[in-house]
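Okay, so chain A shows up in both of these, paired with chain B first and chain C after.
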Partner chain A sequence: MLRGFGTSGVSTGKALIALGVFLPFLPLFIHGYWLHLVMEILVLSLFAVSLNLVMGYGGMISFGHAGFYGVGLYITAGFLKNSTLAFPAVLLLASAGGAFCGLIVGFLSVRLRAFYFAILTLAFGQLIWAIIFKWYSVTGGEDGMIGIPIPPFLSKEISLYFFILIVSAACIGLIYWIVNTPFGRVLSSIRENSERTESIGVSVDRHRLIAFVISTFFSALAGGLYCLLSRSAFPDLVEWGKSGEVLLSCVLGGMYSFVGPILGSMMMIFLQSVVTSFFTERWPLILGGIFVFVSLAVPRGVLGTVQEKLGGSRGLVKGSELRDDH
Partner chain B sequence: METIFLILVGGLTKASIYYLVAAGLTLVFGVGKVINFAHGSFYVLAMYVTFSITTKLFGGSANSFWFALVLTPISLGIIGWIVERFLLRWVYGKEHLIQLLLTFGLVYIFSDVYRLFWGVMPKIVPHTEFLGGSISIMDVIVPQFNLAVIACSLLVFIALSSLISNTRFGRLSRAVAADGEMCDILGINTFSVYSGIFALGSVLAGIGGALATQLGVVHLGMDAHITILAFILVIVGGVGSVKGAAAAAVIVGLVESFGALFLSEIVLVLIYLVMVIVLLVRPFGLFGRPVF
Partner chain C sequence: MIIEVEGLSKSFGGVTAVNDVSLSLKKREIRGLIGPNGAGKTTFFKLLAGNLSPDRGQVLFEGEDITGLKPYKIYRKGIHKTFQHLNLYPNLTAFESVQLALFSQHNRRSDLLSWAGRMFESEVVEVLRSVGLEDKSEVLSSALSHGERRRLDLGIALAGSPKLLLLDEAASGLAPEEAREIMDLVTRLARERDLTIFFVEHDMSVVFGMAERICVLHLGTLIAEGSPDEIRMNEEVKKIYLGE
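Now for the complex of A and B:
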């Protein structure tokens, strides 16, 4: 089952560059709540793109990525609150922490087939949540951590915006580069047909593990960035609900394109802010409804469906009626 | 010595509930080949429904529980049938991702349904008077209800096993589990088998949930835990194997109970470890055959 990559004619690189040129000028037009929203989109985009390294490119569905995001978030929160470690070091430590967890989880999970992998990642994500939830002395448990001090050079909204923009753009760019290296190609090949790829001498498990660790590194980084935005850390950002949100961001935008998750993140944040303004309490209901709708009607996501309509015979996405044999 | 016996009983009680949930899930997998993330949500729904039946329908009277024990599984069966017929049927045979997405969405929806209909406060179901007391076995005081749960579960096990091996529906289910496409070709109405199995799974989750209300409080957030546990049990026991579900349930139930005594905080980790070890040694579970 061949899944073509691309953005229906518009090259991914051009799309990214366009965003990169447009975004720095945004603060001229918007401030406050809306700028904060854009920053949330940037963070979620990084999170989603890193997840998509595993999902869209690696072909492994992970239901527990919020766990790694949470690790990044809490490590950042903890160090900012309780130590004087320089901020870049904190962020690096948080990402490394996430990657380390990713190494353990990945090592145990990537060798298994898709379904088992999904369950295992869900289970481990919940395990991380449970640890954070119960470890009251370190994480504040259910109460979470609030009043996290931000480094002074980020105290102005505009500096925070540019910091997050630069970091997330750089990371997304890095992931884009990774995906276009031979490593990335091999990964796509594994996704298409792991047995065949193995038979030409590629270590499937090792590639999957490396992709997983890279992904968790950036997911944790995203978590750390979010800490700057929210100045707090709560366990519900680590639960399956959050895993589902980032997963949906990938799927909604289109799992099989690089910018799909970015588009999906925009839609997700936008939807979330609209829903919480009008139907404050019913977000899970609506989110679930979107899941159901997407799975039934647009499983390829927005970009994927557009691709299907326009791409036609470019050896692109075949219908989802074909069974996928992992 | 008495403590060991008590823990044993506690573990077996847990195992009984777990078995009921896992058996339903493993049947739906094995026959329908559908991944139902929302199975745990059915279990939790059953608990809330039991609460409503005992308090609203019967005004909280002490033995109303036994009526709920009959009514709840029936309602869950109906709800399950509806979900299967109108939602799940669209994703048979599709990529696993799509099935996962759909049922994952259902988990979200159900989690909000609980909030919508029952609020955020924990609910306590009226305790039954009949079999509500304790009984003394070998000088150890054991709650009667725990024994009742174990007995109930054994009954279900026997009933399920004979359903699968001796009835026409059981034979059809096994056939569909072995090769659904061939069954279609042979003229068997596989869709009604799917519906039946899914309803059966929901009924089992209903029984489990109803029984569980007597053993603890009903609160939000239980769905994630029980769903993961159910999947672990199915994986450890082997997809499609009811025997496997029973074995896995006993193992996990006992590990949880004895683990809580010595290493309470890391019991969860222990269980995950059990799952990982089983998967590494027997990738299809203890009694399973290659399904996925």
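Now for the complex of A and C:
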């Protein structure tokens, strides 16, 4: 039987486990700048996988996810700088804050479809950016927040690496679980054929809303993790360009597979680091170029294209390969 | 009475698709709905299943007013529907498609804790067997033959014990032999499971062979109702429908 990863002999579960086994040993081989890059990849991977829950699985293209990432980023920065709240509570609060914004935005958006949904989420994302940009007394406006004190136990590079690795791996694992529950299956079926799913007793909008809130929770958590890494917060990270970057990571790696967005994040961060080290100001241009290239040459993403070559051709949107039973 | 429809009407712009239709079905009845193209049969079924909401009129299901409820709520009351134009999940297997309906039926739609895997396997297999697809459980819907897709459509609707089954041309596009086979299957399942069946079908030999009573729609209006023999003899039906 044709089934995405099954046919190519690389199941999603195995790929995730292989990464999980390999990554803890990474600091033996690299450190400094390169380890920092890997941490950025981990954070972006979590962000991309959580976006892909609504995009690849739910069929809702959100152009405003950087807004929720930003809520997590700024809540973490603000509380670490100005309060004595315990650190785990700060991260939890950041995620919950993102999910709360996600609930409001989702409530107003999920009934819209396709293009209209994308535009409305873009507008809300920019609204969050505008609030952060203008609310100078709290966020520092355009100057952002710098010198965020992070907990002493994370001050060493190695401990920060393991913290980010464990949290992002655990969250990605949780999302992997979610897409394989009845909830996740029903979510994919909505993407496949929402009319039929509604006529088998599913409240489509409510289901989409739950997925959206879960997605924004983890996106905000990714924002919180990024704060630990950069020890700063800037409005640039909340703007629609960031939404486009994470969206492109999903599309680049392959949004119709679970590990696609992780692969896409790796490619994105490495490309960015290579490009910016040669011509600092040209990144947006290159990013746009990648977008055009992916859209024209590998519309199903790198992983989707590889799968197609290995597993024979099937339709463009493949429900079954979004998960596997092994 | 399992379902009672009173004065149901629906217009699109200036066109009245369903005009003041009243009818009712007894429990365990097998009822056919016929009418020339554009008579409003599909619209009428969509009004019953909640895909459209009526301009006027009322639908009572087991005595409860379900007029204008959303499709998912009507499904949960026990009214399941198949589709005139096949409406399946091309990239899901037969097993997965039926399993989805069972998640819904068992109230596990939003279950975030269990691994879906082979959940409800025995029930899914049972449904697939009842529609003759037990060998196709791992085949993608898009790879099934037209007849098999019709069976799967029926299977999805049958999963989770419906009370009233609305079949909107469940055998459309099939060769007469195969159409009869499917409708025989429906009749048998209805008897076994105490189902009430309300069906639209083009093949008159199927309708007259299977239905206990028949309703005739013409330009949105219910013009006749009766046993197959009564409908056969009805002058008005002959004139406007059978073209005599």
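Note that in this section the second predicted complex is superposed on the first by the 303 of 326 C-alpha atoms of A that agree within 3 Å, B and C clash if a C-alpha of one lies under 4 Å from a C-alpha of the other, contacts with A are read in each partner's own complex, and residues count from 1 in each chain.
Methods note: a residue touches a chain if its C-beta (ideal position, glycine included) is under 8 Å from a C-beta of that chain, and two chains touch if they have at least 3 such contacts.
Treat the numbers as computed from the prediction; the structure is a model and nothing was measured.
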Taking the superposition as given, does A:Arg185 touch the first partner, chain B, the second, chain C, both, or neither? second
Should A:Ser155 be classified as contacting the first partner (chain B), the second (chain C), both, or neither? neither
So, A:Ser11: does it touch chain B (first), chain C (second), both, or neither? neither
Just to be sure I read the superposition right, which of the two partners does A:Leu108 touch: chain B = first, chain C = second, or both, or neither? first
Between chain B and chain C, whom does A:His207 touch in the aligned arrangement: first, second, both, or neither? second
Compare chain B and chain C by how many residues of chain A each one touches, and report the one with more. B
Please indicate which partner A:Thr276 is in contact with in the superposed arrangement: first for chain B, second for chain C, both, or neither. neither
Using the superposition on chain A described above, determine whether A:Ser83 touches chain B (first), chain C (second), both, or neither. neither
Is A:Ser199 in contact with chain B, with chain C, with both, or with neither (first, second, both, neither)? second
Chain B/chain C common contact set on chain A: 320
Seen from chain A, its contact residues with chain C in the complex are 1-2, 177-178, 180-186, 189, 192-193, 195-204, 207, 210, 314-315, 317-320, 325
Note which residues of chain A are touching chain B in the complex, please. 61, 63, 108, 112-116, 118-120, 122-124, 126-127, 130, 134, 239-241, 244, 247-248, 251, 281-285, 287-292, 294-296, 299, 320-321, 323-324
Could you please specify the touching residues of chain C with respect to chain A in the complex? 49, 51, 70-72, 75-76, 80-81, 83, 87-93, 96, 99-101, 103-105, 108-119, 138-140, 142, 156
Listed in rising order, chain B residues that touch chain A in their complex are 35, 87, 90-91, 93-102, 104-113, 115-116, 224-225, 228, 231-232, 235, 265, 268-269, 272, 275-276, 279, 283, 292
